[in-house]
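Okay, handing you the structure first.
The chains carry the letters A, B, C, D and E, assigned in the order they are written, with residues numbered from 1 in each.
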Amino acid sequence: VGALEPEYAERRALELEEALGGQAPGTEGWSAGYRMVGGGVDLMFLHLRDTIEELTRAGEAVARSALAESLSLDHECLSIVELGLYGLTIEVARRVDPSDHEAFEAAMKAALSTESEKGHVRRRLEPRQPDDMPYVCYYPMDRRRDADRNWYALPLERRAALMRAHGSIGRQFAGRVSQIIGGSTGLADHEWAVTLFAADPLVFKEIVTAMRYDEASAEYAEFGRFFVGRRLSPGGLADLVVPEA
Amino acid sequence: VGALEPEYAERRALELEEALGGQAPGTEGWSAGYRMVGGGVDLMFLHLRDTIEELTRAGEAVARSALAESLSLDHECLSIVELGLYGLTIEVARRVDPSDHEAFEAAMKAALSTESEKGHVRRRLEPRQPDDMPYVCYYPMDRRRDADRNWYALPLERRAALMRAHGSIGRQFAGRVSQIIGGSTGLADHEWAVTLFAADPLVFKEIVTAMRYDEASAEYAEFGRFFVGRRLSPGGLADLVVPEA
Amino acid sequence: VGALEPEYAERRALELEEALGGQAPGTEGWSAGYRMVGGGVDLMFLHLRDTIEELTRAGEAVARSALAESLSLDHECLSIVELGLYGLTIEVARRVDPSDHEAFEAAMKAALSTESEKGHVRRRLEPRQPDDMPYVCYYPMDRRRDADRNWYALPLERRAALMRAHGSIGRQFAGRVSQIIGGSTGLADHEWAVTLFAADPLVFKEIVTAMRYDEASAEYAEFGRFFVGRRLSPGGLADLVVPEA
Amino acid sequence: VGALEPEYAERRALELEEALGGQAPGTEGWSAGYRMVGGGVDLMFLHLRDTIEELTRAGEAVARSALAESLSLDHECLSIVELGLYGLTIEVARRVDPSDHEAFEAAMKAALSTESEKGHVRRRLEPRQPDDMPYVCYYPMDRRRDADRNWYALPLERRAALMRAHGSIGRQFAGRVSQIIGGSTGLADHEWAVTLFAADPLVFKEIVTAMRYDEASAEYAEFGRFFVGRRLSPGGLADLVVPEA
Amino acid sequence: VGALEPEYAERRALELEEALGGQAPGTEGWSAGYRMVGGGVDLMFLHLRDTIEELTRAGEAVARSALAESLSLDHECLSIVELGLYGLTIEVARRVDPSDHEAFEAAMKAALSTESEKGHVRRRLEPRQPDDMPYVCYYPMDRRRDADRNWYALPLERRAALMRAHGSIGRQFAGRVSQIIGGSTGLADHEWAVTLFAADPLVFKEIVTAMRYDEASAEYAEFGRFFVGRRLSPGGLADLVVPEA
């Protein structure tokens, strides 16, 4: 488990950089990498593109990079961002060999620099992650379909009223939380892929708790896994993965 | 993880081509490969044959190809296509070593060319995937058997009425969605294997959402995993797996 | 992944043959191997013996054969055949390395020849698999124990009436389906191990569907996995695993 | 996969023997090994000690033996034996490499001889496994906590009455079944760890079936996995793992 | 599986020591390692820090140590300690290669000595584990959200009353049990992460059983896994992992 040779780590980093930058000219979208904490995973990648082929290519770019050797895919979700109808894939991965930290670090630096350096060649799709909200909280969810509490058996007006009340809670967090809501029905194992961004990760607990008491969520939402992390950025990366000692 | 030697990749591709083309003269059926996006899987194979022995042979052809070394089977479902009583097996696989992309690409090209070149020696079984609907959405499902909502305890007329209403939704998507409904009761872990084809993958979200509000599905359907992808074809393959850079 | 040396494959086959034939003189019972299709598994072994020690030995015979190197156990169920009180174990396995087909084929041939050649030294226990019904359908099941539908809280007469009606469906399939019902309560994770044999695998879908509408099953049965395959036999083996090309 | 060198197998056996015999002087307790049949597992170890540190040491003895290289832990449960307040851990394991039978056999012989030879240096804790009841049936269980059937919401008198009736079934099997009931609430994933011993494994099916119709179990018990096997003993070992051929 | 070279084991130990001690000056928090018994896991690490970046760094310190090579992460949970709003991560791990006991022991000694020797350079965050309560019991839990028993649909006064009664049980164990309650809603797959400390592990069974009959828990709590162990300390370590023989 000695240190990898610097040039090898460098090459792996370059490969990922090239991979993440390997977007066809004229296409739109953006990708981001996150350092996760808890949940048994280390990294999350989020890809927004305007066609399913570009989404496939974005995932392939990660899979073909040297970083993929150290990662085991844990969860992956395809969805459609509602208004703009853009595709979004989320991949969550765990490191297979956590002791190979040189390669991990190099790859993370590459993921980081890719965006900052190559950002000017891409047109960014909305929605975006606000620059002052580096923390992410991602969770898949479903509407409940039990005999007693069946969202899909409710009349339209009832669902609309529930969603209005649900939305008012979201508005209480306006400015503190930004979100991307992906619809996954027919596209993935869950019906929704929710991604929240915030400047303070404690806000994720606040908003999810508040919504849990909201009738739409309390009675009609099914939750499973929750993933929390921080976007990889030049300054933040050093703070996160380079030990002081 | 350097590039594989070209002749080795070529040999692997030829092996799969031979495997997928290794159908006994006089038998009927067709197979197809799909590049999946999301759901943690990379490839899906669909095999239609008129005997269980030929289905076994079709799956064996993939298992014996060099491609199998890079794949880990994730889901497999045997079913019977309703009217014609033909067998259908669906296999969904994840790449074990995603960085071995030369072999993956070569195998994908082989899967592609097999069909286009050898198509003339096979008689095709109905149902078929329409040429202008390259996208696929596959999901297994069950009828609900809860005490309060038990499909199998409903009287026949009630089930027939529910299915008529259910079918009317399907008809609204006529021309936009083509489907293969396989019955799996007693043959697999789920009761139905539904395969949808469309020219636009957004339609999968539309039709599955519409059906979810239909009473037959809202009250009596149990869903699990959903798999979405695109059929491998000469032009599409290059777009999908060969990076521009 | 080149072809194994013929003598090595031969040795592996001989080892399994010896293993499956390694039954102590004077003991009773039979074993069978099946080539499965779908369900993510490749092989199923069924062992009937008259003591738990002989059952252990039968499983050990497979585990010690060279075939075991290529297999990963997926499901195993101990049960007692009702009337005769004989033990039955079912093992379902998936190939770990599917590309090692020479060894797989050789082992399958061995499994086949073992029975045909050594059959004369064993006394066969009832129940048997009819010679003209080579297809198998195996599934574990439980009686429902929900608050609203609790089989174990029903009065004896009610259970008896339900079972009479249930049995009448089975009788409609007399001559088309033969079965072994193993009781597993207290012996395995499920309460019943049902093994059906038929000349036509479509019949499995017919009978299981018919029973699903029967009140005993509709209201009080819990199902999980279903496994379908064909018994390995001299003619059938060649058809199944030797490609024509 | 040739035969291991005899001295190596012997060394592995000695290591386990030493490990299982490595109990500090003055401590109490006993351990036992079982050859399991069905359930996908091969071995079960049961450890009774009077402190949690001694239990940890007992598990460590198995983990440090050469046998551990061939085993994959499948289930492990810590509990407290009710009256005497002694600790009990159950470990259930599957062989990773089933073809390495020399080492497996040697280790089994070691596990066997350890107890017979070193038994005189230990004081045995009650409860014990009766010498004439070599078969074991172990299962974890929980009390039901559903809204409609919630054991923990019943008044004390009701629970006492249910347990009296439940106990009367157990008494019908007095002399045919011996048991160790471990309480696991707050210590393991299940609330109870039940271990039954009998001279005839068929009795496990009888008693568990009888209890399933008892109201306390029918309405308020949740069951999961069941594990059945036979205690390793000098005579029994040879019968079980040494093939006649 | 011979003994590792002493200097190698020593180096691994030093690496972990350095890793666990690699906290930036001026930050607050503490970490602890536990030797677990049962539940299929060997070690648990608990990290308290005042920022999510420091929590990430603490987990990274373990992942980068040589110990990580022998461990497979089994469960990891991020939460916020309620009053002080500090972050807490719990990682539970299983040894991959249990026979490598020299490295395991050395790493455990390092984990132990780190804290005792370097404790003076850190300011400790509340809550703390009392010195006379070396045993730990950790479990994640959720509030029930069923149609019939939905915590999140109860009026505030009702929840307050239930929590008062619940708290009175906790107070009966004051002095015998110390606890850290982490809130995980929106941060992890469960809503709460409960960590109990006691001088006697039997008390965990007592308090969890007592609470299970409390209405708040009986009707509105969902439990899953429970993990029990003992904090690694100089004296305790030797007792636990060094066999007498």
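Methods note: contacts are C-beta pairs under 8 Å (C-beta built on N, C-alpha and C of every residue); 3 or more make two chains touch, one makes a residue touch a chain.
Quick caveat, the model's predicted, so the values are computed rather than measured.
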{"item": "Distance in touch steps, counted as few as possible, from chain A out to chain D", "value": "2"}
{"item": "Whole-Å gap between the CA centroids of chain B and chain C", "value": "28"}
{"item": "Interface hub residues of chain D, defined as touching at least two other chains", "value": "148"}
{"item": "Touch-based graph of the chains, sorted into line, ring, star, complete or other", "value": "ring"}
{"item": "Ordered ring members, chain B first, chain C second", "value": "B, C, D, E, A"}
{"item": "Contact set on chain E toward chain A in their complex", "value": "18-19, 21-25, 52-53, 55-57, 59-61, 63-66, 68-69, 73, 75-78, 80, 85, 89, 145, 147-148, 150, 152-153, 183-189"}
{"item": "Complex contact set, residues of chain C against chain B", "value": "1, 35, 37-40, 94-95, 98-99, 101, 135, 137, 139, 146, 148-149, 201-202, 204-209, 212-213, 215, 217-219, 224-226, 228, 230, 236, 239-241, 243-245"}
